[in-house]
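Below you'll find a set of structures to go through.
Two complexes are shown next, each including chain A; its partner changes from chain B in the first to chain C in the second.
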Partner chain A sequence: MEDMIFYDRLQFAFTITFHYIFPQLTMGLSLLIVYFKWKYLRNKIEKYNDSAKFFMKIFAINFTMGVVTGIPMEFQFGTNWAKFSELTGGIIGQTLAMEGMFSFFLESSFLALFIFGEKLMGQKLHLLTGFLVFLGSWASGWFILATNAWMQHPVGYEILENGKFVLENFSALFTNPWLLPAFLHNQLASVVTSSFVVASIGAFYVLRNKQVEHGKLFLKTGVIFGLVSSILVAFPTGDWNAKNVAKYQPAAFAAMEGIFETEEAGAEIVLIGQPNMVEKKLDNKIAVPNILSFLTYQEWDRQIVGMDKFKEEELPDNIPALYYSYHIMVGLGTVFMAIMALAAFLLWRNKLYTSKAILWSIMFLVPFPYIANLTGWYTAELGRQPYLVYGLLRTTEGVSPTVSSGNTLFTLLGFVALYMLLGLLFLVLVGKTINQGPKHQTH
Partner chain B sequence: METFWFIAIAIVLTVFFILDGYDFGTGIIHLFFAKTEKDKEVIAKSAGLFWDSNEVWLVAAGGLLFMAFPTFYASVFSGFYLPLIIVLWLIIFRAIGLEFRGQFHFQMWKDIWDKSFGISSLLLALFFGIALGNVVRGVNLGGVEDGVSVYEGHYFFLPLWNSSFSPLSDHPGIIDWFTIIIGLISVVTLAIHGANWIILKTNSSINGKLKNIIFKLNIALAALTIFSLVVWQIVNPNSLDNFKEKPYLIFFPLIYLNGLIGLFFIKKLRKDIHGFALSTLLILGGITSSLASLFPVILPSVNSVNEPLTIYNTASANYGLSVALTWGFIGFTLLIIYFIVQKRLMGGKIDHMDYGH
Partner chain C sequence: MTGTLISLISILIGIIAANATGILIQKYSYGVIGNTIVGVFGSILFIKTFGRLGFNPWSIMNNGDFDGFRLITNLVVSAIGGASGLVLAKMVYNKLNKS
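The block that comes next holds the complex of A and B.
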């Protein structure tokens, strides 16, 4: 039984990780595309239009990857987590079906129109289709986050005698206090990723001294969007989420912050340290006293409940992974703010395009916002353990009763092999598109 | 309420098979009949431009099924675990084939992705047919061994096949001689559908030849259909009960029959769209007839210990279903609008449409 859950969890973790490489770019990128297109309508400078179309090409490749890796996500609820689907389908089926019907259709229909229909529709309608793609992709995020928010903090339900969750209040799904902060945090994080991608491609063009005019525009736009989003992703939205975790999932909060023992007179914030699960302490710890209490409750000496106050079976089952995910996310977020602030300063002083060191840094930093986004999700999902529906349905109770672990391992291996191939092809294709650059538009 | 959602989901699913069906079929034709590079390119394009917007119907059907009939979703998706995951892989391979063939202009590259597109399309058509065959035949619900359920009564797990390949066994596998026949029907039907799509959307050099092929395939289809009806009586003796009780249901098989007979006159049809309409009737009639023969059952049980799954014992509670009615109505309206807009903009032959590469 243990093994069986292990492979099911690993398969879901692997496929969702790979899947979320793509939507995290497309959601943020659609915003920047709308910006480029809107600027073009106002100033009629051709390179803005080139940029919008160039990034829509990148968007389209990512969207295709998102579709083909997204269908397995929907299927896996049924194939691997049948009991969970049976018990909660009446509730999360609502939000998932809405995602399919409202956002996915919107996004895919208008993406095709944006790519093929510029001449047919004229500029204003072209902007509108771009906006609808943006709307579709953000609505998609909204419905998925609504689904996840319900699992993190269940609301509007009733549990029947046979264990089934029944929807009692539809609108509660969307007024869930978990939803809005999680949604904003997630969308801003997605803007961070796409800003880095845009700036990074810009840095590449400027450094290579090819398509320099477009490169400079990408850099400028990426840096400004990147600075604003990497600040907002931390304050207020990241902060708001952390407070929600402290309030609704105190066990997860203690684990992700690495608080092994309750500190009565205010909790320290851990900067560095490795969880030692045998001795229940952090090794090589560097921490600042009382900061965590202040950040969480605005009171320096407020008590924060540590892991010692929870029963073993209420604590997340992989505390080190949760702790590292959270700290990697926060650490990277800080780096992003610093580098974008520096780049913005240089931009203001007109030195950005000639500062080789920062251009190289921006170019090579591009994988890190992806890592920060993914570790952010790991924090949310590992923190929710050992439950599927927090406090109500344990992960061990949600798995398919009839699928053996041998079968799951087989499909997991298949997914790994297939996604490696897919990843390779994706890189080749994106590389080719970037190499062609925005000037080589086929009209 | 359950019946309403059953019909709504049946419609979405049928639309999916009609739409994605033509691009599966296009792949089958591409695999066997496209010889020149020009034909290969344009035929791949006639699927490549549309596959992703067609597959959103699958996502919508999946989502709605999950919402309205969660127990069915859970039971069927875990019970058909292996074939479903294999279907997912095939969908991915097909998509890669379509999206990547035009990226580099050397022959070996194109050949690889052409085969990937063609073979996955063929296998998908086969697997979807086999899936329908399984639903019609029924499964060993509860995994009954010697009269005792191993799982809860609404769960099961099917191996890919059992040693006898027989649908009459107590432990039928996913692939047996009955489901293979349904699979072949699906392959032939979708090949006809795809051929009609190619004729409708392209000026490929094999369009004339394709009408001949459709005619021959249709003979095969008629033979398979008659044969399958006979064996269906053996596999599921109650399959005609619904039609006897509610004679108006005979309308659905008539749709199928209409398509089947009409396609024998494929060479005489004045407009290309008529051929496509007739193969659409085949798919529409085929799926609706199968569902009508089962209704309200959606998955029969081959043992007498456990009840079959019906729309009533697998549905969500009433409140959820009625809330979904409101947003579902808005959703459907939007779907239809997008669909019309897209078809208008992508109408006509696509030979010279730029594929964005």
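The block that comes next holds the complex of A and C.
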């Protein structure tokens, strides 16, 4: 049974990790596309329109890959997590269906109109279609986050005698206190990724002395959006999320912060340290006293409950992975703020386009927002363990009882092979688009 | 679960078919990027629409008993979907961009 759960979780982790490479860019990029199109309508400078159409091409490739890699996720609910789907389908089915019916259709219909219909519709309607693509992609994030928020902090439900969850209050799904901060944090993190992608393509053009005017525009836009979003992702939205974890999932909070023992008064914040699960302590720790209590409760001496106060079965089942995921996310977020602040300063001093070191840094940093986004999700998902629905349904109770671990391993290997092929195709297509460049975009 | 893998293979066939159609009949081509995107949606559309006739991924696996004939039908329909998607998309594009 343990083997089965391990492989089911591994397969889901793999497919969702690969899948989330794509939507995290499309959500943020749609906002930047609307910005470029809106600027074009205001100043009629052609390079803004070129940029909107160029990034819509990259958006379309990402969107398509997101659709292809999203299909296995839909199936996995039934194949690997049949008990979970059976028991909670009455609730999560609502939000997942809404995601498909409202957001996906809105996004895909208007994406086609944006790509094909500029001449027919004129510029104002073309902007409107771009805005509707943005609305669709963010609504998609909203419904998925509503589903996840219910799993993290279940509300508005009733449990029947047969163990099935049914919805008792529909609006509670969308007023869930977990949802809004998680949504804002997630969407802003996707804007960070998109800003880095836009800025890095700009840096590439400027460094190669190719399509330089567009390159400078991408850099400027990416740096400004990147600075604002990387600050907002930390504060207030990241802070708000952390407070929610402390309030609703205190065991997960203690694990992600690496608090093994409850201090009498005032908890320290750990900057560096490695969890030692044998001795139940952090090795080689560098920590600042009382800061965690202040950040969480605005009280220097407030006690924060450590892992020693929880039963073993209430604690997340992979504490080192949770701890590292959280610290990698926070560490990278700090790097993003620093690099974007430096780039914004150089932009203000008119030195950004000639500072090769920062241009190379921006270009090579592009995988890291993806890593930060993914580790952010790992933090949320590992923190929720050992539950699928926090406090109510354990992960061991949601797995499909008749699917063997060998079957899951076989299909996992198949997914790895097919996704490698898809990943390669994605890189070729995006590389080709970047190589063509944004000048005089036609569809 | 192998059904999920089949659905991905089916989409890849749609991509290949759309690109092949684009190479063979240039007037319908959108270039590699456009053809790939249309191939994905064309194949999904055709398999989702017609797969219920008996060759969707779940019927192919038939509770563990693999049916090769249904798999071939699925892949052929997927290829037709990719190619037809390209023709259909070009027709819509031409209508929308008629000057």
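Throughout what follows, the second predicted complex is superposed on the first by the 441 of 443 C-alpha atoms of A that agree within 3 Å, B and C clash if a C-alpha of one lies under 4 Å from a C-alpha of the other, contacts with A are read in each partner's own complex, and residues count from 1 in each chain.
In this text, a residue touches a chain if its C-beta (ideal position, glycine included) is under 8 Å from a C-beta of that chain, and two chains touch if they have at least 3 such contacts.
Quantities reported herein were computed from a predicted structural model and do not represent experimental measurements.
J.: Overlaying the two complexes on chain A, which is it for chain B and chain C: clash or fit?
T.: Clash.
J.: Let me test your reading of the model: by the given contact rule, A:268 touches which partner, first (chain B), second (chain C), both or neither?
T.: neither
J.: Does chain B (first) or chain C (second) touch A:98, or do both, or does neither?
T.: Only chain B is touched by A:98; chain C is not.
J.: With both complexes superposed on chain A, which partner does A:119 reach: first (chain B), second (chain C), both or neither?
T.: After superposing on A, A:119 lies in contact with chain C but is clear of chain B.
J.: So, does A:89 touch the first partner chain B, the second partner chain C, both, or neither?
T.: After superposition on chain A, A:89 lies in contact with chain B alone.
J.: Tell me which partner A:381 touches in the superposition: chain B (first), chain C (second), both or neither.
T.: Neither partner.
J.: Using the touch definition from the top, say if A:414 reaches chain B (first), chain C (second), both or neither.
T.: both
J.: Counting residues of chain A touched by each partner, does chain B or chain C come out ahead?
T.: B
J.: So, does A:50 touch the first partner chain B, the second partner chain C, both, or neither?
T.: So A:50 meets neither chain B nor chain C here.
J.: For A:402, select first, second, both or neither according to whether it touches chain B, chain C, the two together, or no partner.
T.: So A:402 only meets chain B here.
J.: Could you say whether A:80 touches chain B, chain C, both of them, or neither, answering first, second, both or neither?
T.: After superposing on A, A:80 lies in contact with both chain B and chain C.
J.: Once both complexes are aligned on A, which of 6-14, 114-122 or 240-248 in chain B overlaps with chain C?
T.: Stretch 114-122 of chain B has C-alpha atoms clashing with chain C.
J.: Which residues form the common part of the chain A surface touched by chain B and by chain C?
T.: Common interface on chain A, chain B vs chain C: 57, 60, 64, 67-68, 71-72, 75, 79-80, 108, 112, 116-117, 120, 403, 407, 410-411, 414, 418, 421-422, 425, 428-429, 432.
J.: Quick one: in the complex, what on chain C touches chain A?
T.: 1-5, 7-9, 11-12, 15, 30, 32-34, 36-37, 40-41, 44, 92-93, 96-99
J.: Quick check on the complex: what are the chain A residues that touch chain C?
T.: It comes out as residues 57, 60-61, 64, 67-68, 71-72, 75-76, 79-80, 108, 112, 116-117, 119-120, 403, 407-408, 410-411, 414-415, 418, 421-422, 425, 428-429, 432-433, 443.
J.: Quick check on the complex: what are the chain A residues that touch chain B?
T.: 57, 60, 63-64, 67-72, 74-75, 77-80, 82-94, 96-102, 104-106, 108-109, 112-113, 115-117, 120, 166-168, 170, 400-404, 407, 410-411, 414, 418, 421-422, 425, 428-429, 432, 442
J.: Which of the residues in chain B end up touching chain A in this complex?
T.: Going through chain B, the ones touching chain A are 49, 52-53, 55-56, 58-60, 62-64, 66-71, 73-79, 81-82, 84-85, 88-89, 91-93, 95-96, 99-100, 103, 143, 151-152, 155-157, 316-317, 319-320, 323-324, 327-328, 331-332, 334-335, 338, 341-342, 345-346, 353-354, 356-357.
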